[in-house]
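Dropping the structures in below, format is structure tokens.
Shared between the two complexes below is chain A, which has chain B as its partner in the first and chain C in the second.
Then we have the complex of A and B:
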């Protein structure tokens, strides 16, 4: 395998929740022992439900918040160790698109300035050259030059997300972090943006860290998938394998819970409905974080944390059903 | 055929905007039979939520107004009914569940008190009986240890539990019609699956009709008997859920079905409907979908298209629907 573009090792992010009168300060471990790599030009999707830590992973990679431990390397640089000017120098390689295109664009700036700002800040272009490049960027995302002097409120959600993407690719990043970037859009518009992302990837060779809760979208865009639950990656692997042969019971349940848009198939298929809710990350269960809802729970799951075990077809899963050394059992494929 | 329980005819709802009175819902008609689940489907801005709010006369006024049409429930027109009579219906014969359970429950009152209040408002009963009913409905929606949870405040519940509590409150007076506006949209998929199962089992048990408003065709495929598809303030197609998914008759329905990123299909380019829905103050002439329709002809841009009956229980608003062979869900 080629050297990864992004390499995350044992990432841990802890938030201190300040207490008050009669309430002690509490620690919330949002991300716990997370490791993954992204190769140049590759799309890794991080999927999970609310509270799984997926957005925190994105923000830690962007250095928008400080990890409490672990290492993040981008293109050979240790992102976690950089400060000030050195950190600023690598920022162009690493850009982000947010979920809400209504709050991520400055309403008082015209589009030419929104898209051109990164080029100005990093001293890449000015004057006529700047204008030409902004025009090129807008065309790249499917917007005409006549939009340049308009304000964000004049655009629909899908168009705004195109503008946010144009801004994010202005500095020719190597990695684009997309945090639920299509979740706020209607299906018809959502697919336009997903197709645009596919085009940009094949033209510019950008790698994506694609954070999403929508498995249908992830299946289309991802090369590899990491499934998160309560701050941990419980399974990762090639998208094809994850979707056709999920190894972790949580991944299996997650796939099963997505309703298939075809009444005949949806009403006849076997579904796994998990009991209960996701536990609070403030009081995660002992042992495997999923054991409180797992249909296959065993005694060992309640006390010990399963290690990642390689899975046939690629990737790994952290589950005692696959960890033959401990539980002694193997799981049939479903 | 059983008689309709709810019958909406030519509903028109307008909002006062910078552009004057703008029609957000324009001539919507559909009906729901007892025990039936009708999915009202559309993208944001299609008018589906405003339609559902109109049923209980909950469209904020100003700036909104019901400018025409009728909403007959059990034979009585709800449009223009005095507030006191509406209040007797709301929460009793017709109940509603919203998307955001955090905002639809009162944060300052306990779950038990909020449910008991609904019961006492509509039923002559003691405080104690009302609380017993609250325990009963919380049990029904599978809140563990319901009696002990009566004293809990909404913030002490998780999102999924809050939505269950909101459903429990809606069920408190055995409604004949439940209006559910995107009730699972804010929930995680594993919790959504629980809530859909719950709604299904409650309906089997109590036989209420459900008006299910959603943008999610997967959820429609899971739960609904019939579907009405809205676009730009109008219904463009109604059909049984199987007919609609198998052989859509309106190009917009086809576009929506093709656009679903379906599990089990990888690496293909996603179908997208070009362009964006029109704003209500600049509706296109003729068929409102024509600027985005791959099958549009000149005539589609000129004349208004009516919703026509095609076959049993099916309606479609497309002048070419008879000649087009549209693709259904795979």
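Then we have the complex of A and C:
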């Protein structure tokens, strides 16, 4: 395999929650032992319930927060410890689109400035050239040039997300991190934005780290899928395999909730309703993080942590059902 | 900084921002009337020597303490001076005093407020301790102490008022800067590779300015009231200068003989202060965030 564009190894992010007079300072491990690679031009979808650490992974990859441990390599270079000017210099390679299109655009700036800003701060364009390139970017995302002098509040959510995408591709990044970039939009707008992203990928060859709490949204755009639970990746693999033969009970549950009719799954389809809520990341369960809600829970799950085991069809899952060294493991590893 | 200025100029952002504000402000009827009144008042004060029917200092001891009449619209005072002319000339002093106090409060309050909000940590702690200590003094005592130390004059009184108003500007700027610094668009700016200086000049400052305008307008009213109070007590405008507050203070001695002496300057204070408040309100609405539009 060639060198991945992005390589994340054993990423851990811990937040220190400041205590008060009566509360002690607590540590919240939002991301724990997360590793993944993204090849050039590839789309990795990261899917999991809200609070499972997806945004924290995105912000760590974007170097918007300091990981507590782990390594991040971009294009073969270690970018984990970059700071100041050195960090600013690599930023053009990776750009981000945020979830809420209403708060991610500066309300005091006109669209021409919003979209042109990356080009200006990196000294890539100025004057008439800048204006021409901003026009080109807006057209690229399906917005007319007459929008240039308008303010963000004059646009709908979908249009704003197009603006955010135009801004994010201005520097021709190699990786675009999309953190719930379509989650705030209605279904038809979602589809328009997903189509736009597909077009951009085939035209520009950008790799995506596509984050969503909805497995259904990523089915068509993802090459590979990583499923997160309580700050960990519990299953990872080619999208095709994840959707046709999910290995981890949590992935199965997520998939059973996807409303899109899929003939392969529809036959045996039954909505798996998980009991209880996602545990607090301040007090994660011992053993398998999913054992408090897992329909297949075994004794071993409550004390030991399952390791990632390769799955037929590609990828891996962290579940004792697939770990042949453990009783019951052969049951499902077909 | 110069980089940021170049960016602004290049894309002509400031002019459009003004246009948008004007469009929304035009819908604020009461604020428009208030602004109209304040502009007229300022013009009247500026051109008082040409507009006023009489010289405000010319005495006519044959016609003292007269009620309003065709000759003297607002009546005459205890020395036979025309109250209407004196009220117009006093507007110069009162407006200038309010302007001075607000300017001083801005200069003292805004930079440390921004610094505290953006730097955080011990810098923030130090600045806020100092502010708390300042605010722990009873305001009137502090004002009297400052005037006593500097000597009674209108400018000194307004320095005192400015110092008293500054903590509000400081807190406002600190809170707004903190809130804006945590906005997603600031994180987004960092993610594209904007430097810290660029982020402050291009993203934080433009977004903390709006609430400041609102506060300036309201505080112009507060400063005018404070000036009136201090001048009433004899701590502000000194003869022969006269502000509205000073006129009310002197007229108070003749209240049983000629109530109109305090009615007109008193009314001028009330209406002008109200105008500043209403203007502040309208600015708040015109500068506030527009409601979200759904798809």
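Everything below uses one rule, namely that the second predicted complex is superposed on the first by the 317 of 334 C-alpha atoms of A that agree within 3 Å, B and C clash if a C-alpha of one lies under 4 Å from a C-alpha of the other, contacts with A are read in each partner's own complex, and residues count from 1 in each chain.
In this text, a residue touches a chain if its C-beta (ideal position, glycine included) is under 8 Å from a C-beta of that chain, and two chains touch if they have at least 3 such contacts.
Just so it is clear, the model here is predicted, and its values are computed rather than measured.
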>> Given the alignment on chain A, is it a clash or a fit between chain B and chain C?
In response: fit
>> Once chain A of both complexes is superposed, is A:213 in touch with chain B (first), chain C (second), both, or neither?
In response: first
>> Between chain B and chain C, whom does A:120 touch in the aligned arrangement: first, second, both, or neither?
In response: second
> After superposition on the shared chain, which partner residues are touched by A:91: those of chain B (first), chain C (second), both, or neither?
Replying inline: second
> Taking the superposition as given, does A:158 touch the first partner, chain B, the second, chain C, both, or neither?
Replying inline: both
> Taking the superposition as given, does A:72 touch the first partner, chain B, the second, chain C, both, or neither?
Replying inline: neither
>> Under the stated touch criterion, which partner chain does A:198 make contact with: chain B (first), chain C (second), both, or neither?
In response: first
>> Which partner chains sit in contact with A:100 here, chain B, chain C, both or neither? Use first/second/both/neither.
In response: second
>> According to the stated criteria, A:318 is in contact with first (chain B), second (chain C), both, or neither; which is it?
In response: neither
> For the overlaid structures, how many degrees, to the nearest 10, lie between chain B and chain C at the C-alpha centre of chain A?
Replying inline: 70
>> For A:143 in the superposed arrangement: first (chain B), second (chain C), both or neither?
In response: neither
> Which value in Å is the smallest Cα separation between chain B and chain C when the structures are fitted on chain A?
Replying inline: 6
> Do chain B and chain C touch any of the same residues on chain A, and if so, which?
Replying inline: 156, 158, 186, 189
> Touching chain A in the complex: which residues of chain C?
Replying inline: 3, 6-7, 10-11, 13, 16-17, 20, 183-185, 187-195, 198, 202-203, 206-207, 289-290, 292-295
> Which bits of chain B are touching chain A when the two form their complex?
Replying inline: 43-44, 158-161, 188-194, 196-197, 215-222, 241-242, 245-246, 255-257, 259-274, 276-277, 329-330
> Which residues of chain A touch chain B in the complex?
Replying inline: 49-50, 156, 158-159, 186-192, 194-195, 198, 213-217, 219-220, 239-240, 243, 253-267, 271, 273-274, 277-278
>> Could you list, by residue number, the parts of chain A that touch chain C in their complex?
In response: 62, 64, 88-89, 91-92, 95-96, 98, 100, 102-110, 112-113, 116-118, 120-122, 126-127, 130-131, 149, 151, 153-158, 164, 167-168, 171, 185-186, 189
